[in-house]
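You will see two complexes here that share chain A, one where it goes with chain B and one where it goes with chain C.
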Partner chain A sequence: MIDSTVVDLSRLQFAATALYHFIFVPLTLGLSWLLVVMEAAYVMSGKEIYRDMTKFWGKLYGINFALGVTTGITMEFQFGTNWAYYSHYVGDIFGAPLAIEGLMAFFLESTMVGLFFFGWNRLSKAGHLAVTALMALGTNLSAVLILIANGWMQDPVGSAFNPVTMRMELTDFAALVFNPVAQSKFVHTVAAGYVTGSLFVLGISSWYLLKGKHVEFAKRSFRIAAAFGLAGTLSVIVLGDESGYAVSESQKSKLAAIEAMWETEPAPAGFNLIASINEETQSNNWAIKIPYVLGLIATRSTSETLPGIREIRAENKERVKQGIEAVIALEALRKNPQDAELLASFNKVEKHLGYGLLVKKYSEDVRLATPEIIERAAHDSVPKVAPLFWTFRLMVVLGFALFALFALAFWASIKNTFQQKPWLLRWALYFIPAPWVAIHSGWIVAEYGRQPWTVFGVLPTHLSASSLSAASLYGSIAGFVGFYTLLLIAEMYLMFKYARLGPTALQSNNA
Partner chain B sequence: MFDYLTLKLIWWLLVGVLLIGFAIMDGHDMGVGALLPVIGKDDTDRRVMINSVAPHWDGNQVWFITAGGAIFAAWPFVYATAFSGMYWALLLVLFALFFRPVGFEYRSKLTNPAWRTAWDWGLFAGSAVPALVFGVAFGNLFQGVPFHLDDTMRSFYSGSFWALLNPFALLTGVVSLSLLALQGATFLAHRSEGALQARARTAGNVLVIVLLAAFSGAGVWVSQIDGYVIASIPDIGSALNPLMKTVTRQPGAWFANYQKLPILWLVPALAYLGGLLVLAGLRGGKTLLAFVGSSLACLSVILTAGIALFPFILPSSEHPVSSLTAWDATSSYVTLNVMFWVALIFTPIVLAYTSWAYHVMRGKITREFITANDKALY
Partner chain C sequence: MPQSGNPDNFRQRLRPGLGRHLVLVLILKVLVLTGLWHAFIKPNRVKVDAGAMSARMAEPSNQITRENSHDRFNGR
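Coming up: the complex of A and B.
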C-alpha cells in the first residue's frame, strides 16, 4: 500500500512550492508588458523620463525575476522527484508541453532578459525595444504552454490508455494544444498577472505621489498602470466566467463543490452567495441564494440542468464499480497480452479505469473492495466543499474590488485628478497584496477543486506520488521552507530598498 | 516520416545534443562560478568574472531546463525513475542551483562586503556542486542503480544517497567538475585581460591535465566493471515496456559498442585533441581556440559515456530486467514524432538568437569597465 503520509506530504510540498513560485510569476507576466509600453513611449517620444521608467521598473522586475527563475526550476524537477508515478503514467502527454516550453519560450525569455539589462548601450533604441518585447513574448508563451499542460490535467483530451506500456499516451497533439480549458485558463491567468504588475506599479507610484517624491515619474507610471490594469481586470473577469463555463463541461464535481450545490436543481440553477456548509449531512444549514445566475453562467442556457453533489456521487459509485472491473480486466490482460478476448473485455470498461483506481486508496487488491470502500471512493470523487466555496468567493470579491480600483484610477488619470485624491492613492498602495491573494485563491480553486485526481477522471492523486519515505519528505520540506524563507527575506529587503530609493537608484551611490 | 525505431535513435541523439549543449553553454558560466573564489582575488576581479557571463547565464541555464523537459517528454520512464530514485542527489543539485539566479542578480545590489562574499560562495556552490553531481550520477549509471519496477511500472529505489558517492563515481565527478571548470577557464581567458586572464590560463593548463588524467583513469576503471547486455527483447521498433526484455551482466560489456564499430574510438580521442587545442590556444594567446578545444572535450566526454552505455540509459543493479534502455523507456511514436519536429524547428532558432546575443555582448570585460558602470552591472 502507498503510504498516505507520503502522499499528503508530497501534496503539501507541491502546493507550497507552487504557490511560492506563483508569488513571482504574475509580477513578471505583468511587468514585462508594462516595460514594453514604457520603452515604446521612450522610443516614440524620445523623452528620457520614459527610458528611466523602463530602467527603474526594470530593476524591480529583475529582483523579482531572479526568484521566479529560481523557484521555477523546482517546479520542473518536482514532477520527477515527488510525482514519479504521475510522470510515468502521463509523461508521454504532459512532458511534451513542458519540453516545448523550454525550447520555444524559456530560451527566448532568458536570452532576451540578459540583453534587456546589459544591452542598453550596445543596441539601437528600436533594437532594445524589440528585445524587451521578445522578453515579454517569451514570458507569455511560457504561460501558454504551462497552462496547456495544466489544462490537460483538468480535461484530459487527445489521449488514450496503452495496456502494454501501462500509461496514457498522446493520440491527438492538436487537441492537446487547442484544449478549450487551456485557452480560457491561459487568458484568465496571464490577465491576472497583468493586474498584479499594474497594481505593483500603480501602488508604488501612489506612494511617491503621497510623499511628493519623483512626481513626474510617478504620474506617468500611474497613468500607464491604470490603463493596463483596467484592461487586465476586465479580461480576468470575462475569462474567469469563460473558465466557469469550461469547468461546467469538464468537471461537474468541481463546479458543484464551488457552489455548495448538494441537490440537483431545476434549470436554471440559483447561485449561493453565501452559505453555512454542512459536510456531514451533505447539505447547507442556510444559504443566501440569487435565482437563475449559476445556470446562466455555467450552461449559457436557461434549460440545461446542473447535477448536485449527491447525484454526482451516486453516478460515480456506479463508475467505481465498473472501474473495479476495468482494473481486474487489465490485470488479466497483462498476464496474456495477446488474448483478443481479454482485450475486448478490458476495452468495454476502460473508460472507468480511473474510478477503479480510486479504490486503491483503501484496498491494494480491488477485488477486496467492500460496499463500504466503494461508498468511500465515490464520496472522495467530489472534493471538500467549504475550502472551495470560500476561496472562490474570496477570489471573486477581490476581482471586483480590483476592477473598481482600476476603473476609478483610470477615470482619475483621464481627468488628471488622481493627485488630489489621497484616498485613491492610499487604496492603490495598501491594495498591492490583493492580486496575490486572489491569484493564490484561484490556484486553490483550480487544483484543490480537481481532487481526488491529478488527471481528472484518469489518475488519482493517491497513486501519483513517488515511492519515497516520509523521512525524505520531511527533510525536503524543511529544506524548501528554510531556503525559500531566506531567499524571500533577501528579495523583500532589496525590493523595499529599491522601491524606496525610486528612480534615484539608477544613479545614487548607495544603490 | 520516420519509423518508431528511427525516432527512438534520433531521441537518444537529441538528448545527447541537449546534454552537450548544456555542458558547453551552461558549463562555461558554471565553470566561471566554480573558479570564482580560486582566481578572483578581489571584488573587482570577481565582478569581471561574473559580468563576463552576466548577460548569458540565464539563457544558458535553459539548456539544463530543456534537457530535463526533453527527458520528461521523450523518456518518461527515465525521468520518473532517476529523479525519484536519486531524490537527495537531485535536491542537492536543486538547492545548489537556487544560489545562481539570486547570486547573480542580488550580489552587487548592496555594497556591504559580507553580503557580497556570502553570494560569491553561493555562486561557487551553485556552480561547483551541480558540476560534480552530474559526473557522480553518470558514474553510477555505469555501475547500475538499485531500483526495480513492479508490474504497474511503479519504480522503487532501494539504495541510499551515500551509496552514490562511491570511489568510481567520485572519479567521474572529478571528470565533470574539471570539464566544466575548464570551460569556465577558457571562456574567461577569452573575455578578460591582465592578471586575471593570466590566472585563468594557469587554471586552464592545470584543469586540462586533471581532466585528461581522470577521463583516462575512468576509462581504465570501466573495463573492470561488469557491463550490461540485452539478452533478448521483442521487436525494438514496437511499443515496449522495460520488463519485456532479459538482461545479463558481463565483464567488459561497456566496451562492446566500440569493439563492434572501431571507428567510434575516434569519439574519446577527440577529448585528447580538445585538450591539446586548449594547451596550444592558451600558450599562443589564441583564447577562442582554447574555448573551442574545451567545448570539443565536452562533446567527446559526454558522447563517449553515452556510446559505452548504449542502448542502456539507466541500468538496474537490483533487478537488471528493470533496466531502462533507448528501446523501451521512450514515449509513444506520436509524442516522439511531434517532439522531433518541434526540436527541428526551434533548435536552430534558439542557436541563432543565442549567437546574436553573444555577438551583441562581445569583447573583453575590464576592471575599468566595472568601475565606470558600477550601478548598472552585476
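Coming up: the complex of A and C.
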C-alpha cells in the first residue's frame, strides 16, 4: 500500500512552497504594469516626477523580483522528486507549457529586468518604456503559461491515455492553450495581481500622506494606484464570476463543496451565505440562504439544476464500479498489448479509469474492493466542504472590501479630497496584506477543491506521489520552509527600509 | 582633486546600498539552494517508466518489487 503519510507530506511541501512563491508573484504582476503606466506618463509629459516614481516603485519591484526569483524552481524540482508518477503520467502535456514558460517568458522577463535597472542612461525614453512594457509582458506571459498547465490539471482537455506508454498524450495543443478553465483562471489571477500591486502603491503612498512626507510624489502615486486598482478589482470580480462558471461546467464536485450544497435543489439553486457544516451527517445544521442566486451565477439560467454532493457521490459510486473494470481491463491489456479485443474492452470503460484508481487507496487489488471500500472511494471523490466553503467566502468578502476601498479612493482622487480623509488613508495602509490573504484563499479553493485528484477525474493524488521516506520529507520541508521564511524576512526588511526612505532612496542609493 | 581620499566618500561607499543587499541575498540563495539540492534532491532522483507506472496502477502483486528496482537511486 502507498504510505499516506508520504503522500500527505509531499502535498504539504508542495502547498507550502507554492504559497510562499505566491507571496512574491502577485506583487510582481501588479507592479510591473503600474511601472509601465508611470513611465508612460513620464514619456508623454516629460515631468521628472514620473521618472522618479518609476524608479522608486521599480526599486521595490526589484527587491520583490530578486527575492522571489527561483522560489518557483523548487516546485518544478518537486514534480520530479515528490511527484514522479504524476510526472511520468502527464509530463508530456504538463511539461510543455512549463518549458515554454522557462525558456520564453522567464528569459524575456529576466533580460528586461536587467535593462530596466541599468538602461536608464543608455536607452532613449521610448526605448526604456518599451523595455518596461516587455518586462511586464514577460511577467504576464509567465503567468498565462503556468495557468495553462494548472488549468489542464483542473480540466484535462485535448489529451488521451496511451496504455502502451502508460502516459497521457497531447492530442490537441489548441485545446490545451485555449482551455476555458485555464483562460478564466489566468485573467482572474493576473487581475488579482494588479490589485495587489495597486494596494501596495496606494497603501505606502497613504502612509507618506499621513506623515506629510513626499506629498507631491505620494499624491500622484495614489491617483494612479486608485485608478488601476479600481479597474483591477472590477476585473477580479467579473472574471471571478467567469471562473466560477467554468468550474460549474467542469468540476461540479468542487462547486458543490464550495457552496455546501448537499442536496440537489430545484433550479435555480439558492446560495448559502453562511452555514454550519456537518460533514458527518452530510448536511448543514443551519444556513442563511439567498434564493436563486447560486443557480443564476453558476448556470446563467433559471432552468438548469446543479447537482448536490449526495447526488455527485452516488453518480461517482457507479463510476468507481466501472473504473474497477477499467483497471482490470488495463491489467489484461498490459499483458497482451496487441490484443484488439482487450483494447476494445478497455476503451469501453477507459473514461472511468481514474475513478477505479481511487479504490487503490484502500485496496492494492481492485478485485478485492468491498462495497464499503467502493463507498469510501466515492465519498473521497468530493473534497471536504468546510475548508472550501470558508476560504471561498473569505476571498469574496476581501474582494468586495477591496473594491469598496478602491472605489472610494478613486472618487476621492477625482475630487482631490483624499488628503482630507485620514480614515481612507489609514484603511489603505492597514489593508496592504488583504490582497495576499484573498489570493491565497483563492489558491486554496482552486487546489484543495481539486482533491482527491492531481489531474481531475484522471489521476488520484495518492497514486501521483513518489515513494520517498517520511524522514527525507520532514527534512526537505524543514529546509524549504526555513529557507523561504528567511527570504520573506529579508523581503520585509528591505521593503520596509526602502519604503520608509521613500524617493530620497533614489539619491542616497543608486543601485 | 581625487575623490578617493575624502573620508565622507569612503564612508558612502561602505554604506550597504540596495545593490549590495540584493547581491548578498542572491549569493545566499544560490548557496542555500545548492545545499538543499545536495541534501534532498540529488540523492532522491526518481525514475518512473511505463513498467513502474503500470505496477502502481494496475498490477498489485508486482508493485513492491518493481518500485524498488525503478523508483529509488543510491540504495535509498
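The rule is simple: the second predicted complex is superposed on the first by the 508 of 511 C-alpha atoms of A that agree within 3 Å, B and C clash if a C-alpha of one lies under 4 Å from a C-alpha of the other, contacts with A are read in each partner's own complex, and residues count from 1 in each chain.
Criterion: contacts are C-beta pairs under 8 Å (C-beta built on N, C-alpha and C of every residue); 3 or more make two chains touch, one makes a residue touch a chain.
Predicted, not measured: the structure shown is a model, and the values here were computed from it.
With chain A as the common reference, the superposed partners chain B and chain C clash.
Judged by the touch definition given at the top, the superposed model places A:L234 against neither chain B nor chain C.
When the two complexes are overlaid on their common chain A, residue A:M104 makes contact with chain B while staying clear of chain C. Of the two partner chains, chain B and chain C are each touched by A:G62.
In the superposed model, A:Y85 lies in contact with both chain B and chain C.
When both complexes are overlaid on chain A, the residue A:L494 reaches chain B and chain C alike. Once the two complexes are laid over each other on the shared chain, residue contacts for A:S476 go to chain B and to chain C alike. Once the two complexes are laid over each other on the shared chain, residue contacts for A:L141 go to neither chain B nor chain C.
Of the two partners, chain B and chain C, it is B that touches more residues of chain A. With both structures placed on the common chain, the touch criterion links A:A16 to neither chain B nor chain C.
Looking at the shared chain after the overlay, A:V164 reaches both chain B and chain C. Shared contact residues on chain A (touching chain B in one structure, chain C in the other): 62-63, 66-67, 70, 73-74, 77, 80-81, 84-85, 87-88, 164-167, 334, 466-468, 472, 475-476, 479, 483, 487, 490, 494, 498, 505, 508, 510-511.
The touching residues of chain A, counted against chain B in their complex, run 62-63, 65-67, 69-70, 72-74, 76-77, 79-82, 84-85, 87-88, 91-96, 98-104, 106-108, 110-115, 117-120, 122-123, 162, 164-167, 169-171, 173, 334, 466-468, 472, 475-476, 479, 483, 487, 490-491, 494, 498, 505-508, 510-511.
Taken together, the chain B residues at the contact with chain A in this complex read 54-59, 61-62, 65-66, 68-70, 72-74, 76-77, 79-84, 87-88, 90-91, 94-95, 97-98, 100-102, 104-106, 109-111, 151-157, 239-241, 331-332, 334-335, 338-339, 342-343, 346-347, 350, 353-354, 357, 360-361, 375-377. Residues 17-22, 25-26, 28-29, 32-33, 35-37, 39-41, 44-50, 52-54, 56-61, 63, 67, 71-72, 76 of chain C are the ones touching chain A in the complex.
On chain A, the positions that touch chain C within their shared complex are 2, 59, 62-63, 66-67, 70, 73-74, 77, 80-81, 84-85, 87-89, 164-167, 327, 330-331, 334, 357, 360, 364-366, 463, 466-469, 472, 475-476, 479-480, 483, 486-487, 490, 494, 498, 505, 508-511.
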